[in-house]
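The following pair of complexes shares a single chain, subunit A, combined with subunit B in the former and subunit C in the latter.
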Partner chain A sequence: MGPLSKGNPVIVQILGICSALAVTAQLKPAFVMMASVTVVTAFANLIMSLLRKGVPGRIRIIVQLVVIAFLVILVDQVLKAYVYDVSKQLSVYVGLIITNCILMGRVEAFALGHKPWPSFVDGLANGVGYGLILLMLGFVRELLGSGSLWGFRVIPEAWYIQNGGFYANNGLMMLPPMALILVGIIIWVHRSAKSNKDLIEK
Partner chain B sequence: MKFDKNNNVYIIVYSVVMVVVVAAVLAVAAMYLQPIQQKNMDVETKGALLASVGVVVPTEQIESTYAETITEIAVPVDGGAELKLYESSADGERLFIIPVNGSGLWGPVWGYVAVEGDWNTISGVVFDHKGETPGLGAEIATPKFAGQFVGKKLFEGDAFVGITVLKGAGASAGNDHAVDAISGGTITSRAVETMIRETIALYLPYIERQKAATATDAAAVADPAEAAEDGATLEGATAATTEGATTETNGATAADTSETQTINTDGDATI
Partner chain C sequence: MISKLLRDIVDRVKPPFEPGGKLGFLHSTFDAFETFLFAPNTVTKKGAHIRDAVDLKRTVFMVVIALVPALLFGMYNTGLQHFRAIGDVAAAADVLGCWWYGFVRVLPLILVSYIVGLGIEFAFAQKRGHEVNEGYLVTGLLIPMIMPIDVPLWMVAVAVAFAVIIGKEVFGGTGMNIFNPALLARAFVFFAYTPFISGDKVWVRGVTKGGEYLDGFSGATPLTQLGENASDMLAGADVWSWIVGTIPGSIGETSVIAILIGAAILLYTGVASWRVMLSVFAGGLVMGLLFNAIGGTPVMDMPAYYHLLLGGFAFGAVFMATDPVTAAQTNVGKVIVGFMIGAIAVLIRVVNPGYPEGMMLSILFMNALAPLVDHFVVAANVRRRTKVAKVKTVK
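Right, the complex of A and B next:
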């Protein structure tokens, strides 16, 4: 449970913020990003854990980079083939998974010292922990920024001011800075919970 | 003797094997996924072609709509090569789409310019790019930039001038041959200008032939008085083509059904 809450990569370790801000304007890209990152962390951890006995210590960072880059290219190719429009929205951020600190961090800190199965689960959990925050951001931003969820309209058209209603989309929600503010709010709420008091620095 | 993992030979062999394995797997994956990706890109191109003539449909309908509205024309040029040209019949209006391409600041830029039957007035454009700077050069792909081109003219009289991109907001106001550049995206904006001028220049011989055919046709069909007017200047003939053609539709519509090889006659017959 660690990586989902107390060790959450985004809101506790503050890693992977860049992509968390960039791809969460809508729920669907956020979900695809979550899936991609989860697959890559899980398999990067698994592969590195399998290789850990044979990797020469002096080039281990390079080996990690090759493994991660390999998985990311594979994911990118698959996305381009099967969810082309989403892959266009994600644009460079799929490629930038390579530089996402969560991956290198987990591989270096965990997979190199543990057996394959725990490493795989650790990668999976970290990917999901990262994705949960993405989904929260995507949910709030798409709902308040475009009045829809997963591309489906949630807020009725008739409510809008231009249609004689009283409602307007919040344009700020569509912009990355708002995502940063939302991340801040999530961190605040998360740290306020009783069980997480120990995360607050004295 | 304990095996030394930091031995140079081991490191080199390890790296080589790793790289070869990774390359092999990626190559197989790329080969397998290529056709599907290619199809996606084709659909995107077709979508862009449709968008340039103002037809926007959901992704699933692009293929069928494309098949209904757009036909490809091969334009022969000197040297045996062929250029691509598209003809659209969206909303019963005949438009020609000229694909253009060039190089921007970071990579290729391309687009589709839809012109009306007079080969002069732009009815819509779509631009796209490989990797121009987001927020600056990448703005050429936005409807705001593309919208500026609607109604602009490619020709001044009979001379091909293309579309110039001018610096400064509103600099192009009232100018039929210019649009406003994107601030901060000067190189990309210039690339658009160059690409339109250079690519369409390749089509000029074909366009001239089509226009000449249209002009003669319009003069022949319109009543004598108008033909005389049209014939006054060569410039006038081109400009009056549309007028003359309209009169013809009202007056003697089916007067000449045999002339099918010329552009405007074709279009008029369907009005």
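Right, the complex of A and C next:
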């Protein structure tokens, strides 16, 4: 359970923030991003764990990069083939999964020292932990920023001021700075929970 | 007589509210009301420190009093602009009628701002066991005064909640905030609900909701006109109306005279720093003159002192930049930060027509930089004095 809450890559280790801010204006790309990162971390961990005894320490970084890049290109091609519109929305951020600190972090910190199966699970859990935050951000930002969820309208058109109602979308939600503030709020709430008090730095 | 009676009442109700009493969990709330009525017998321990004998509560009160002239004029101007827009000349000439019209429209904004803001402040103080701070009395009045009159009330509520929680409580409450909460509320509305705080429809009451302007009446503020069509605006420039304040704009910002009365009160009582105020105006003027020297476009050639009269410049200089919490703490720092606020505000106005009002952004920006400026001022001071000390020892 570690990577989901107490060791969450985004809100505890503060890794992978850039992509968390960039792709979460809507729920759907956030979900696709979550799935992509989860697949890549899981298999990168698995492959590096299998290779861990055969790779000399001095060149391990470059080997990791090759493995991760290979997986990312694979994911990118799959996205382009099956969910083209979302892959367009994600644009460079799929490619930038390569530079996502979570990946290299997990490979370095975990996979190189553990057996394949635990490494695979660790990668999976970290991907999901990252994705959970993405989904929360995507949910709030799409709901308040565009009045829809997963592309479906949630807040009725008739509520909007231009249609005689009282409501208006919050444009700030569509901007990355607000996503950072939301991440801050999630961290605040998370650390206020009783079981997480030890995360608060003195 | 009355004060003794009040004291008696307060003392009689007090016991259950003491820590450990039956209603002890409401201690902060009770304390807030008690110190509101009577000067407390304790001194401020942390948070916003005015380095003076006065209690924070009294300083805050002076600022509220200083805001009153601008607020009263803002109410009058709300009515005036409305009746002018619909072409009712007789009603526009009736000063008291205009004021009453504005009063009825402005009051809900103030109420929403106070209820939401104080509600959150009380809740946080209660939960953390702090005493409730009075800083919000000023913020809560400033927020409606820098909003357009037609802004929907729930937006004000959301903006206030954002400003108080994210701008203030996150940092530890009154006196710990980095940014001026009132400006944060405005910035929130500005970026979140842009159509409701910019353009030419929102500054006059009753036009967004289906009403129409009379032919030839423009609801745009002079600054918006400046961004859109500078040469026309300057040809029709009526400096006197900018000084008096009979122009469309945010509720409290239009009248330079009313703001200067407030400034006089603040300076006389020593609540605000004259260094900040003066240097903001100086910064704006110097930057304006600099653009005059470059020249080229009508906006750059505009007389530099126009900038000081238009939009929220005067209001920001007097009431926002002087906020003791977010301004620089050192005297030299105050001058530097103030000067930069004025200069950047004019820079934004002239160079970026997308943001006709540069004052808000420039104050927030310099709020963030103020601690840095202070740091260097202190460091320079330390260096200078060590040098002096060394010279002396050599002797």
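Note that the second predicted complex is superposed on the first by the 202 of 202 C-alpha atoms of A that agree within 3 Å, B and C clash if a C-alpha of one lies under 4 Å from a C-alpha of the other, contacts with A are read in each partner's own complex, and residues count from 1 in each chain.
Everything below uses one rule, namely that a residue touches a chain if its C-beta (ideal position, glycine included) is under 8 Å from a C-beta of that chain, and two chains touch if they have at least 3 such contacts.
Because the structure is predicted, anything quoted here is derived from the model rather than measured.
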Next item on the list: Based on the superposed arrangement, let me know which partner A:Ile181 touches: subunit B (first), subunit C (second), both, or neither?
Entry: second
Note to self: Let me test your reading of the model: by the given contact rule, A:Phe166 touches which partner, first (subunit B), second (subunit C), both or neither?
What the structure shows: second
Margin query: Applying the document's definition of touch, where does A:Ile59 land relative to subunit B and subunit C: first, second, both, or neither?
Written below: first
Check: When the two structures are laid over each other on chain A, which of subunit B and subunit C touches more residues of subunit A?
Finding: B
Next item on the list: Name the contact category of A:Asp85: first (subunit B only), second (subunit C only), both, or neither.
Entry: first
Checklist line | Set of subunit A residues, in rising order, touched by both subunit B and subunit C | finding: none
Item checked: subunit A residues within the subunit B interface of the complex -> 54-59, 62-63, 66-67, 70, 73-74, 77-78, 80-82, 84-85
Notebook entry, point to check: In their shared complex, at which residues does subunit B touch subunit A?
Noted result: 5-7, 10-11, 14-15, 18-19, 22, 25-26, 29-30, 33, 36-37, 40, 43-44, 59
Note to self: Applying the document's contact rule, which stretches of subunit C touch subunit A when the two form their complex?
What the structure shows: 152, 154-155, 158, 166, 170, 188, 191-196, 208
Notebook entry, point to check: Touching subunit C in the complex: which residues of subunit A?
Noted result: 161, 166, 168, 170-173, 175, 181, 184-185, 188
